[in-house]
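Next, two complexes with chain A in common: one pairs it with chain B, the other with chain C.
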Partner chain A sequence: MLSLLQVLLSGIATGCIYGLVALSFVLIYKATETVSFMQGDLLMLGAFAALGLHLQAGLPLAAAALLAVIAVGALGAGLERAVLHRALGQPHLVAVLLTFGLGMMMRGGVASVPAAAQEVHALPFAADTLAIGPLVLAASHLWVILATVLLAALLAAFFRHTRTGLALRACSEDARVAALMGVPVARMHTLAWALGAALAAVAGLLLAPVTFVHLNMGFIALKAFPAAVLGGLTSLPGALVAGVLLGVAEALAGLALPEGVKDVVPYALLMAALLLFPQGLGVRRGGRGGV
Partner chain B sequence: MRFPSVLRFFRGALLALSAAALPAAAEVVGDEIVVGTVSDLSGPIALLGVPVRDGMLMRFDELNAAGGVHGRKIRLVVEDAGYDPKRAVLAARKLVQRDRAFAFIANMGTPVVMATMPIIVDAGRLHLFPFSPHRATYEPLHPLKFQNFAPYQDYMEAATRHMLSTQGYERTCLLYQDDDYGLEVMKGVEKGLAANGRELVERTSYKRGATDLSSQIARLRAARCDFVVLATVVRETVAAMAEARKIGWEVDMLVTASGYSAQTHELGGEAVEGLYGVSVLPHPYAEGANSQLAAWIERYRARFKAEPNVWSVMGYTLADLFVRTAEATGPALTVEAFARTLEGMEFTRDYFGSPSYRFTPQDHLGNRYGRLAQIRNGRWELITDYLQ
Partner chain C sequence: MSRVRGVARPAALRLLPWALVLALAMAMLALGADYALGKATLVATYAIAGLGVVIVVGQAGQIGLGQAALVALGAYAQALLVGAGVPPLAALPLGALAGALGGALASLPARRLGGLYFGMSTLAFALIVEEALVRAEPWTQGAAGMAVGAFAVLGWRAASTLEQAAVSLAVLALALVACHRLLRSRHGRAWRAVRDDEVAAAACGVAPAAVKMQAFIVGGALSGLAGALYAHWIGFISPEQFGLVFSFELLMLAFIGGARRLAGAAWGALVIVVIPQLIAVLRDQLPGDWARAAGLELVLFGAVIVAVVLLRPAGLAGGSARSDAAHGDGA
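After this line comes the complex of A and B, so read on.
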């Protein structure tokens, strides 16, 4: 029972990271109808940026982390302005290949720094544990869960209660009508990319104490994408919940099911969900899903 | 349209013929020996490639400064294939045809080695000590293929046997990466257990790049293992130990030579104290080094502005084996003569604490053994000699 709880918590923490990356997919997809294949690379870039700022530039960790998230967000906005907006109105494949290529360039860029390519790094987060009775929790896992809840609340408030958030939602619902109503659609697209990139960077920072910082940490996006699809691709809460669900399912399957099955579970779950709820879990029947 | 394609065919055929007719560089003429290496300086195992290259460079430079082998200088030509077999094939061809490499040392990574080995031996060049645990690098016996990395299966069998006989473990379990590496280790551990009349109590795997090992560790704990063998690399080794210690499980763990790295205790800190590991070559710690090793570390630092690690030592050692064999071969250096000389060579233990490497006409694998080490006070301490 205890080990079940223990594994459950780890699963939730891992799932939160899946969920955050899925959230960044969905945010971009909803606003710009572009599937971004560079979220994993943005995540990796965010973690390395924080590492570089902390270790090389000597900034305190919190400042380095904040600056890294802002920098990656700015990069997202810059890329949208420079290249990605050209993919609008083109077939989906254009944006897919474009983001894929940009992601490879980011990997190449980081790999060209010898220290980054050759070593695994640790961000000096607290590696403490917290004991609640017989239950022992890793501080890093608690951080992940806490940060995710906080981010979700912030995002919800942003979309509900601010004019910009409302405008972004309007864009996602119907860009043309939004434009007619005076919403600056192009600027909203830039904002969506900036937010999506920043979210990925946050996920990278949260992942850092769990798996360390290394060139291939972005592969986690391979799990986050199913989470986004499971959530319906257009629902932000759906993506987050689906991410957590995948993380938990994976963790519990590893504990309880025969050896080897756990790797199949996320994808089996995805298939079942697509068969039973073709619109995704987070989408209301007949609607496009809330924020 | 048909005519040019026929032409192209003939031109291709002609090129192929002329390439085949090129004399294999079986003999070294002039005052230079070219050694090629298809390395990984930018890909997933660049953390091995760079120090190995530096170690080799250092040995060859020292030799050249001292006048070379029988008056000949050795020139190391490094090509970066980034663990990509396609790039590796191009690099190997370039080294064979343009650089006329006499021998290849320390080609990096199994996919690279598998793709380039036929090109190299078909061109009549030596294929020495590749970084691949694959049996094809020394079996079946081939006059040009030599290997000196102990296979996972052999040394893990010996390590498991030793751990069981000294510590009396009753429930051995395995956490493994689900690829060739993990399976090779599993075979070795199972053999070692069978020698003690036991079997694996539980085994559980992870995919390369897995983020969290908590379910695997919980599973092993539920199986009441008292000894866990890890077929992991650095990151997962640390994650496994940290997870077990976090949940208060003080089980003994043993990792393969892939986890025997200074990075393991640098990243893992307190959590990896007490971890056992197999070492096929000791890490060159500056603290407590013998005088020769200390001088070597100084030279390495001065030259590369970096701390040497076990891979730097490996590169240096491989280059040294080459140099000593070339010296023993004599002034008339041919591929054939070099290979036959190497078959009679025995390299005794040196100041790095390496095993002795021995090649015979029947056996081109120079070493099969590893020794046990344990992390104590934040560094690996060797606790046994090489286990037969």
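After this line comes the complex of A and C, so read on.
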């Protein structure tokens, strides 16, 4: 029973990270109709940026983390202005290849720094555990869940209660009509990329204590794609919920099923869902489903 | 893309592929014929796998993100059959068949959905195949990989690089001829019709689901065939060789060369094989730390694909819009 609880918690925590990455993917996809295959690389970049700022530049951890998230967000905005806006209105594969190429360049760039390429790094807030009676929980898992809930609330408030959030939603709903209503659509696209990149960086920071910081940590984004698709590709809450669902399913599969099955559970679920529910689980018919 | 540019620059850009060939020829002289023939073998084999992508992505217009899994199926079928004593030449068609069956399986979700959703399902399919190959340890020896013997026909063994290059170029030539004929047939027209407008194609009596499956079967057979040859040339296969990175490499190959044209597969294969060699040469020239920078290859690869997508969206082999219209697509 206790071990089940622990497995569940770690599954939820992992699922939160899948969900956050899926959220960043869906945010960009919804606003700009562009598929981003570099969310994992942005995630990795965010973690390394925070690590570099903390260890090399000597900033306090919180400041380094904040600065890293802002920097990655700015990078996302810059890339949109410089390159990615060219993928607007093009077939999906154009964006897939562009973002994959850019992601390769980021991975290559980090790999070129000898100190980053060689080893696995830990962030200093990693190892704590929390004991509640006989139950021992990893503090990092609780952090992840707490931060995800907080972020989701912040995002919801942003989309519900601010003018910019409303404009972004309008833009996702129908860019032409939004433009007619005076929404600066091009600027909204840049904002969506900045937000998407920053979210991925946050996911990287949250993942850092769980798996440590290394070059291939971005591969976790591969599990975020099933989450995004299961959520219907256009629903932000759907992506988050699907991410948590996949994380829990994976953790339970690790507990109950033979080794190796765990790793394919997200993909198997995705295939099953696509074959059985081609509409997606998170999409309400009639296509209203708010952001 | 801007039409003015397309008219003003094709002469210079059309020379680009030939410049690459020249560079390759010079490298051949500098590094020895044996080395160059080895690379030619790889180029031809990659090109055959790339043809599969050209059919699925360029002709039928589907987002296929898991082509490497079909190459893997071909490679493993070949390795297992040859290991069981089947003559390699007889096993080749079965390797292609394994790829075709995999393609048919991967295309099943296309009955219900299209576009990005389907693309994601091919991604999931590839990741499942990779994991299955790792876990099927009694047959595939799992992640440790398995050795594959030399290619042989009736007592003649393709042991030297010259023989290997000859075999793969011959297979590539056959595949090109077959694809050329297919693209000119009603199947090719149906693929392009579905690519350009699925609803219109359906209205004309073309069944999109069946057509997509056909494209995946043909594309899978080509990729499986390439995998079967690849297993012989490399002599050792393991599931991780056929991961997602390889899938994207094939996709990039097709786009760099020109996904809408058969020749694109060959040009793309050339670029994909040559770039790492170029970087190896460059690295020796660079001073100090740069020489050891492991990420240089990734950065350059990424830059090439971004540059091609931005500057030459039709790929190296793709002509201007005008010549596309004149020749029809393909060929």
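As a convention for this text, the second predicted complex is superposed on the first by the 289 of 291 C-alpha atoms of A that agree within 3 Å, B and C clash if a C-alpha of one lies under 4 Å from a C-alpha of the other, contacts with A are read in each partner's own complex, and residues count from 1 in each chain.
Please note the rule applied: a contact is a pair of C-beta atoms (placed from the backbone, for glycine too) under 8 Å apart; a residue touches a chain by one contact, two chains touch by 3 or more.
Since we're looking at a predicted model, the values are computed, not measured.
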{"item": "Touched partner set for A:M104, first chain B, second chain C, both or neither", "value": "second"}
{"item": "Partner chain in contact with A:V96 - chain B first, chain C second, else both or neither", "value": "second"}
{"item": "Which of chain B and chain C A:L233 touches, first, second, both or neither", "value": "second"}
{"item": "Which superposed partner A:R86 touches (first chain B, second chain C, both, neither)", "value": "second"}
{"item": "Which of chain B and chain C A:V35 touches, first, second, both or neither", "value": "second"}
{"item": "Contacts of A:V7 with chain B and chain C, given as first, second, both or neither", "value": "first"}
{"item": "Partner chain(s) touched by A:D263 [first = chain B, second = chain C, both, neither]", "value": "both"}
{"item": "Overlap of the chain B and chain C footprints on chain A, listed as residue numbers", "value": "111-112, 114, 117, 260, 263"}
{"item": "Residues on chain B engaged by chain A in the complex (per definition of touch)", "value": "42, 44, 46-47, 50, 178, 203-205, 207, 209, 211-212, 214-216, 218-219, 221-222, 234-235, 238-239, 242, 246-248, 263, 267, 269-271"}
{"item": "Touching residues (chain side chain A, partner chain C) in the complex", "value": "35, 83, 86, 91-94, 96-98, 100-114, 117, 222, 225-226, 229, 233, 260, 263-264, 266-268, 270-271, 274-275, 278"}
{"item": "Of all residues in chain A, those that touch chain B in their complex", "value": "3, 6-7, 10-11, 13-14, 17, 111-112, 114, 117-120, 122, 127, 129, 136, 138, 207, 210-212, 214-216, 219-220, 250-255, 259-260, 262-263"}
{"item": "Chain C to chain A touching residues, read off their complex", "value": "57, 61, 63, 65, 108-109, 112-113, 115-121, 123-125, 127-128, 131-132, 134-135, 244, 248, 251-252, 255, 289, 292-306, 309-310, 313"}
